[in-house]
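Each of the two complexes below includes chain A, the first together with chain B, the second together with chain C.
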Partner chain A sequence: MSVLRLIGRGTLLHVKQLSRSQFEIATALFVPLVQATLAVYLFRAGSEPHRLLEAAVGAGMMAVWSSVLFGSGGAIQNQRWQGTLEMLMLAPRPPALLVFPITLATAVTGTYAMIATLLWGGLVYRIPLDVADPLAFAVSVPAAILGLGMFGLLLASTFVLLPNANAINNTLEYPIWLVSGMLVPITVLPGWTGPIGAVLPTTWAARAVRESVTGSGPVWPSLGVCLALSFVCLVAGALVMSYVERRARANATLALA
Partner chain B sequence: MALAIEARDLRRTYRTRTGWLNPRRVEIDAVRGVDLDVRRGELFGLLGPNGAGKTTTIKMLNTLLIPSSGSARVCGFDVVSQTREVRRRIGYVFGGDRGLYDRLSALDNLRYFAELYGVPAARQKRRIGELLELVGLTGRERERVEGYSRGMRQRLHIARGLLHEPEVLFLDEPSIGVDPVAARELRNTVAGLAATGTTVLLTTHYMAEAEELCDRIAVIAGGEIQALGTADELKHHAEGRRVLEVQAFGVSDSQLAGIDVLPGVRESSVDIVGTAQVLTVQSDATVDVQADVLRLLDGVRLGRVTARQPTLEDAYVAIVGRSPVEVAA
Partner chain C sequence: MRLLTVGGVIAYRALFNWTTPSMFVGTLLVGPLFQLLFFAFLGRQLGVASDSFYIVGNAVLAASVACVFGGTMAVSNERRYGTLGHVLLSPRPRTLVFLGRAVPYAGNGLLIAAFTLTVGSLVLGLRVPLGAIPGLAVTLAVGSLSCAFFGLTLGALGLRFRDVWLVSNVSISLLLLLTGVNVPADHLPAWMRVVGGGLPITHSAEAARRLVAGDGFGAAMPALGKEFAVGVAYAVVAAALLKVFEAESRRRASLDTL
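Moving on, here comes the complex of A and B:
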């Protein structure tokens, strides 16, 4: 119970902290406009205008992924810059419990971008919010966000081990959109991308949300696979995090100076 | 004797790499064999110049750094292998502006850290209220931290460090950059904590702070403890000396170098106080250097000239002055 309280309160705190950054707010509001525009024109050009809502939701998922990738990838570095990393690590808790609320918060703030995408889609391109299964949509979006938050812990813990994490962040953004089928169906991609996409929680999260919007398939199996893969990432991330913490204490890299 | 902190031959070496085309590994021995025993309920000071190894020592004791060798126990628990047990029992407060969630309120910060440090949910509200009262932030707790003065931030740091009622509190230069009034309040708070039985390990380079607060003081320089005792005991290190203080306006480096080599002079230094310089010359008690010093300052506008007994600061200068400050590379 106290663990859930800690995760809840920690996530809320980090969401508030992120939400009060003018840069984060501007990014969450305006980047989706660009992404929604790209998606809409892509689908119109592909003579599939009836799938515009799917495109808008896909663009929203892209925004959530970007938020998780950049937020989680830089989570530890950001705490280090703020001088809060040492104070977090001094808590008598497993290191993963200190970082998971941060990565979950980046996924939650990513939903601003999802909502903004849908709003921009409605306002600018007159895309009606005509969801096939509203209940499944209402469940699958938060569940997908939780899943991506868990995936974020693995990103946060492994990226801190890499000397050029920022460069890797940038190179991962677009390929993951593509192989996860957020924007275009996986079926149109080369066959070799299939196995990569199949082991990524992002693929199943995008698929579950898309299925709830279009009614093209049962949502719950996709959501189940998404959460199962995410849980594996959470466990792996927790193990790596413990290793990272000990290494940081040995190498004196918890503080900036 | 119940010990809150015990360290045996504690050492820490930092390894860095310099150069790009021709990288070279550099090893810096920041702490070189520190032995410490701090009793429960004691207010213990660690005094030393910048780069002496104070912060490194404190970070090894509070589990943020793993020692290169040696051992340390806090409340009987090993700082390397029983990290979580140690962390449950300690608080850490450091000086400066950083380390808080600036875009959030003091209340948000305290609630989060109360949760992190395992304060029971039923206790949190009361405990946070008590601490806000203790550090004088009651009524300001809902304001964003980014609008706080440095003194207020420092008090919030202290409140956070005390949330879980730690048995041992590490204070790493808590009054750095704080105005004199806020620094006095801070000292009162620290003294009050020690009076309630909390063990405090305080690092500082403010002599008055150390002298006023600490039961015992260790002077650290070059990564080693150079002297250890009460403030009065440490003053003996300046025994056999006399101190001449000259208020001056425009003492040059060459004049200072000349004073340094006068017969009987042990140390000399210049501090800036307002618009004036204060030249402090320590000499053997048997040698009166006043006339020679004033002769070397010929042409410099002078203010008050005072001869006095050595203080803790003079003892500190004497201790640090004879230590090999530069660390091995």
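Moving on, here comes the complex of A and C:
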């Protein structure tokens, strides 16, 4: 119970902190609206104008991924820059439990974008919110966000080991959108991308949310696979995080940017 | 001329003191390539336009990240790193100093656009007519220069506003939507087409598409001329804004206020 309380409180704290940044909020709200508008015009111009809701939801999922990628990928570095990393690591809890709320918070703030794209689609483009399975949608969106938050811990812990993590951050946005089928169905991609997409929680998260919107398949198996893969990422991330923390303490490099 | 080129090259080298090669490859070469593939596959799935439309359009657009952020950094990083006062203390014309900053970024943009076009064509199987290559080089160069001056205009706002990166990020995403690179212009509302006409990339993408289609340089010239005019307009606006905001920040003693 105390672990859940720690995660809950920590997530709330970091969501509040991220929500204080005008840059974060404006980027999280405005850029996804542009992407959603682009998706709407593309789907209208193409052969599938009836899939506009899918386009808006896909654009929202893309924004959640961007938020996790840039927020979680730079989570440790941001704590360093803020001068709070030492205090975080001094806390009498495993480091993964202290960083996970940060990565979860980046996924939660990504939902601003999801809500914004759906509202934008409804108000500006009159896209009816005709969700095939509202209950599954209401469950799959938070579950997908939780999954991406767990995946974020793996990003946070591995990226801190890499000297040029920012370069990887900037590179990974479009490839994950692509192979996860967030807007482009994975059936149109080359076959070799299939196995890559299959091991990414993002693929299953996007699939579960899409299935809840369109009713094109059973939501729960996709959601189950998403959460299972995310849990594997969480465990792997926790192990890497413990290793990174021990190494940084031993080498006295914790606060070195 | 020496001030324009040497100053620009030194500023560009200074930037690369803290921008590493891996950052260059990851952000400026690999990122735009995946952007091209994303839209090409999406376009294929939706049947909006041919691969050629997306390859050429996104290759021209590939220069925008380097040019827009480069142009922005050329001004706002001076403020961020506390060197703006030194630059403005120099007895040389600021307009030349800052306009010179845009030139290496435009060169950078040209390199990135050429790389994206080459690799995108090889991966997706687009045959570019050999005769079109010189015209394409000119088109990509004009597009990059126009984009760099657009970035410099945004950078000038950095003398007045605190969070210019927000403006740059939003501008980059607006270029995706409004330039007709990914959605054919005739599918966009009239007001978006009008706004797009005043942005860099729109006309150079059109010119590049004409060249790749084998229409010849003559057919691409009107669009290329418009892109050149857009670039010149942004250079003038950037110079004017830099002058106005410099005077205002001296008057309000807010030059180095972050």
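In the analysis below, the second predicted complex is superposed on the first by the 255 of 257 C-alpha atoms of A that agree within 3 Å, B and C clash if a C-alpha of one lies under 4 Å from a C-alpha of the other, contacts with A are read in each partner's own complex, and residues count from 1 in each chain.
In the analysis below, a residue touches a chain if its C-beta (ideal position, glycine included) is under 8 Å from a C-beta of that chain, and two chains touch if they have at least 3 such contacts.
Note that the structure is predicted; figures quoted are calculated from it, not measured.
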Fill in: Which of chain B and chain C A:T214 touches, first, second, both or neither
neither
Worksheet item: Looking at the overlay, does A:R93 come into contact with chain B only (first), chain C only (second), both, or neither?
Response: first
Worksheet item: Touch check for A:R5: first (chain B), second (chain C), both, or neither?
Response: first
Worksheet item: Of chain B and chain C, which one touches more of chain A's residues?
Response: C
Practice prompt. Give one of first, second, both or neither to describe whether A:A252 is in contact with chain B, with chain C, with both, or with none.
Written response: first
Worksheet item: Which of the two partners, first being chain B and second being chain C, lies in contact with A:Q77: first, second, both, or neither?
Response: neither
Worksheet item: Which partner does A:L183 contact after superposing on A: first (chain B), second (chain C), both, neither?
Response: second
Worksheet item: Taking the superposition as given, does A:L13 touch the first partner, chain B, the second, chain C, both, or neither?
Response: first
Worksheet item: Of the residues on chain A, which ones does chain B touch that chain C also touches?
Response: none
Item to complete: Using the touch rule from the top, collect the residues of chain C that touch chain A in their complex.
Response: 20, 22-23, 25-27, 30-31, 34-35, 37-38, 41-48, 163, 165-166, 169-170, 173-174, 176-177, 182-184, 187-188
Worksheet item: What does chain B use to touch chain A in their complex?
Response: 14, 62-66, 84-85, 87-88, 90, 92, 96, 98-104, 108, 111-113, 115-118, 121, 160
Fill in: Of all residues in chain A, those that touch chain C in their complex
22-23, 26-27, 30-31, 34-35, 37-38, 41-48, 163-164, 166-168, 170-171, 173-175, 177-178, 183-185, 188-189
Practice prompt. Write out the stretch or stretches of chain A touching chain B in their complex.
Written response: 2, 5-6, 9-10, 13, 16-17, 20-21, 82-84, 86-93, 98, 246, 249-250, 252, 254-255
